[in-house]
Amino acid sequence: MKVLVWNENRHEKTNAIVTEIYPEGIHGAIAEFLQDDDVQVKTATLDDAQHGLTDEILTDADVLVWWGHLAHDEVADEIVEKVKQRVLDGMGLIVLHSGHFSKIFKSLMGTSCDLKWREAGEKERIWNIDPTHPITEGVGQYFELEQEEMYGEHFDIPTPDELIFVSWFEGGEVFRSGATFKRGKGKIFYFRPGHETHPTYHNKDVQRVIKNAVKWANNTNTPTHVYGNAKPLENILGR
Amino acid sequence: MKVLVWNENRHEKTNAIVTEIYPEGIHGAIAEFLQDDDVQVKTATLDDAQHGLTDEILTDADVLVWWGHLAHDEVADEIVEKVKQRVLDGMGLIVLHSGHFSKIFKSLMGTSCDLKWREAGEKERIWNIDPTHPITEGVGQYFELEQEEMYGEHFDIPTPDELIFVSWFEGGEVFRSGATFKRGKGKIFYFRPGHETHPTYHNKDVQRVIKNAVKWANNTNTPTHVYGNAKPLENILGR
Amino acid sequence: MKVLVWNENRHEKTNAIVTEIYPEGIHGAIAEFLQDDDVQVKTATLDDAQHGLTDEILTDADVLVWWGHLAHDEVADEIVEKVKQRVLDGMGLIVLHSGHFSKIFKSLMGTSCDLKWREAGEKERIWNIDPTHPITEGVGQYFELEQEEMYGEHFDIPTPDELIFVSWFEGGEVFRSGATFKRGKGKIFYFRPGHETHPTYHNKDVQRVIKNAVKWANNTNTPTHVYGNAKPLENILGR
Amino acid sequence: MKVLVWNENRHEKTNAIVTEIYPEGIHGAIAEFLQDDDVQVKTATLDDAQHGLTDEILTDADVLVWWGHLAHDEVADEIVEKVKQRVLDGMGLIVLHSGHFSKIFKSLMGTSCDLKWREAGEKERIWNIDPTHPITEGVGQYFELEQEEMYGEHFDIPTPDELIFVSWFEGGEVFRSGATFKRGKGKIFYFRPGHETHPTYHNKDVQRVIKNAVKWANNTNTPTHVYGNAKPLENILGR
C-alpha cells in the first residue's frame, strides 16, 4: 500500500526545539516509522508546488496522513476540495493533533471541530476503550505521554462511528483522542497526540497506533455503487 | 416553540399539477399542519429578500424545515453559512426529500449525499425501525404511500446517529428514509418522502412524523460549553 | 408518569455512615427529589416480598431506577426475567453506580459489565459530552464531586447508543459515566455516580441528571410492531 | 486462522430436499468454501458429544459460525454459557439466518431477536449499505437470491455497531440483513440468508460475504485490559 504523509512543516523552520526533535520534519519522522515491506511512503509539505498534492500524487495514495497547525488558512480551497473528493472516493485519511482545525477535517465533519487546549506539558494517559479494534492491536490498556499539550472536551465533532481512545490529563480534562468516521468510501481516523515541542512521534505506542491506523484506513474494496436515475427490477414495474 | 418552514417554491410557479396539490405551496401545506397551540410557524421562500433567511429570522427560529430541489445552486453561499452556524448553535433542522442535495445538508454531512432515484409513481412502504424514538410516536409498524418517487441505496451519508425509517419500493430498492444526526448543538432529521407531484404532505402519517420531528429537534438545552485556552484544575498543576 | 425506585437497601442497615447520609435510604433520597407534579414515585427494596417487584407494580411503572451492590446474587432469577421483559416491552430503566454488576443490567447488555474501581475518596469531574441530549438539559460543561469511588476503563459494555458523560478521576482514570442503550421498546440509561458512603444523591447536578433521565426514558410510544408469520403485500405475490 | 462451523444438522436428517441441496450438511457446505491456505476449518453438530463444543475445541477456535433452527432449546445452557464466555474473551461469532433465535445470540444481544417471516420462496435483493467495510469487499452494490424465506422488520436487536446489508423482499418487507456487534473482546456478525430448502450457501456472493466476515471477526489483538481494584497513578494520590 502507498501512504502519503503531509505536513505543514512551518514550526520546523522557525522553532529550534522542534527542529531538534524532528530534524527531518514531523513528516520525515512519521514516514520513517511507517515505511516497511508492505508500505511505501512519500511525503509532501505546504510549501511544495500545489502543496505537494497534485492529482497524480493524490490518485496514487491509498492513505493520507495530515499534520497542520499554524497555516490551515494557507491551504488552498481548491486543493482541499480535491483531497476531500479523493477521501470520498476511497482514500483513507489520518488526521493528527492540531489537524482537528484543518480545512479538510472540518469540511468532512461538518462541525466547528473546536476544543479546549492548554500548553503546560502535562502528563497524558491514553486509555484504550476498544479491545476489538485493529487500531489497538498490540496496544495495552493505556499508554502514557510524560508531557503533552492538553486537549479537552467538549470536542465539537459528529458522533464518531467508533470511539477508540479517551485521554486523561493531569490538569482535570478528558478527551476523545481516537475516533473513526466513514465518509463516502473513505475511512478517517482522528488521533490526538503530537504537539510539535514534545517528542511524541518518537513514542513507540504512538507509532504503533499510527501504523495500525494506516492499515485499517486502506479501503481495498472496489465498490460498484451506482447513483442517479435507476431502472426498476425487471418484470416488477411492467405497467 | 418557533418553526420556520423554508421552501424553494419554484415547482409551484411552473407546474400546474403541483399548484393543484399545494395551492398555498409546499411551505403553506407544511405550515398548516405544524401550527398548533405550542408551535408558532412562519414560512420563507427562495425568492424572498435574502431567501427570507435574515439574521433576525434565523435567530428567532428554534427549528428550520427545508424543502428544495431545482434551485439548490441559487441559494447564496453566505446564507448557507449563516444557516449552518445557527444549526451548530442549536437550531434544529428537518431536511425533506430532495433537500438531500441542498448546500446546507451536504455541508453538514461532509459527503456527496448522492442516491438512486426513479420517477415512476411506485408504492412506498416506510418501515418503522425504532419503536423507542419520539419521532415514531403514534406511527404504526409501517405506513404506505401509494405513489412516490423512488429513492434507493446507496445513500451517501455518514453513519446516522439513529436510523428510524427504512423504505421499501415496488421496483426493487430500499432506502434509509428517516435518520438523525447531531452537529454541534443542533439536531438534524432527514425524512425522505415528498415528491412535488404527489400529495405526500397531505398524508396523515407523514404529517405526524414531521410534527414529532420538529418537537424532537427543538434543543432546549442552554449548554455552557467553553472552548479555547483553559485553566487547569486548581492545585493540581501547581508546579 | 410513574417511577419506581428500587434499592437493595443493605448498606443502610449495617453502615452508620450510610444511614447518616441517607436516613430514608438511598431509595428515599432519590424518590424525594424525583417527586413533582408530573412524576409519581414509589419505592421498593430487596427485602420486600418479591423484592417489591410484583407483576402489578412492574406493569404500573413507566420507569424503574435501580441501585444495588452487595446482594446482586440475592435477586431472584425469575424476577430479573420479569423486569427484563418489562424493559423490552417499554419500561424505562435507569441503572445507577454499582448496578453495573446487577443481573438485570448484565442480562440486557450481554457482556461482563466489568470495570476498574478504587475507594479513595477522589475528586471526580463529570464532563458533558453531548450538548444536544435531553439528559444534559441544564447541566453545565462539567460538574464535580469532591469525593467519589473511582470507576475506570475498560468498562466492558456494548457500544452505547449515545455517550453522554465521561468522568475524569484524580488518580489517573477515565470512565464512560453516562450512556444510553435501547433494548426492545425500552430505553436504558447507565449513570455512574453514587457510592453509598458519599452524599452523591444530595448533589444538585446528579439530581438534575437523574430527573432528566427519568423523563427521557419514559417511552410514550404505543408501537404496533407485529412479529411472526406475515402475509405479503396484496397483489404482489399473487402467484 | 481456525474456524469452527457449528450446525444443528437436523433438517438434513429428515428432509430430502435439504439432503439433496446439502449432501454433506449445511456445515459441510460452509466448511468447504471457507477452507483455504490461511483458514483451517473444523465442524461440529448438535448431536456430537457436548454438541462438539468442548473446552478444548472452543479454546482452539478463532471464529465460530453458527446455524440452528429447529432445536435451539436442545442446546444445553452450560454450553451456551461457555460459548458466550469465549466470545467475550475474543472468539469471533458469525450467526446465520435462523440462528437469530439461538440461545447464544439472544444472550449476547439482550433482546428477543424476534422478527417477521414468510416461507414463499420470494426474490431477495441484498443491498450493500457500507462500501467501506471489509465484509463487503468484492461484493457489488447488491446481489440477488431468486428464492429465499422472507425475514422482515421489526428485527428486535440492539442498535448494530455497523449496518452493512439491508434486504428487499418481493412481498413488501425490508430487513437489516447484515449487522455487526462488539461484545467484550469478541466481534459478532449476523447475516440473514440461508433457509435450508434453498441452495443459498452455494451462492457465490453469500460465500464471499461469509469468507470476508470470518476474516473480519478474527480479533488478533492481545489486549491486556485489567479489571477490579486498581492503584492510582503514582504521586498523584499520595495523601
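To keep things simple, chains are lettered A, B, C and D as they appear, and every chain counts its residues starting from 1.
The rule is simple: contacts are C-beta pairs under 8 Å (C-beta built on N, C-alpha and C of every residue); 3 or more make two chains touch, one makes a residue touch a chain.
Values in this document were obtained by computation on a predicted structure and should not be read as measured data.
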Smallest number of contact steps required from chain A to reach chain C: 1
Most distant chain from chain C by Cα centroid: A
Centroid distance [mean C-alpha coordinates] between chain B and chain A, Å: 31
Approximate Å spacing (C-alpha centroids) for the pair chain B, chain D: 36
Shared-contact residues (touching 2 or more other chains) in chain C: 125, 128, 131, 141, 152, 154, 159, 161-162, 170, 172-173, 182, 225-226, 233, 236
Residues on chain D engaged by chain B in the complex (per definition of touch): 125, 127-129, 131, 141, 152-154, 159, 162-163, 166-169, 172-174, 176
Touching residues on chain B, where the partner in the complex is chain A: 84, 88, 107-112, 114-118, 120, 122, 150, 152, 154, 156, 158-159, 161, 170-173, 181-184, 225-233, 236-237
Contact set on chain D toward chain A in their complex: 90, 123, 125, 128, 130-134, 136-138, 140-141, 161-162, 170, 182, 184-187, 219-226, 233, 236
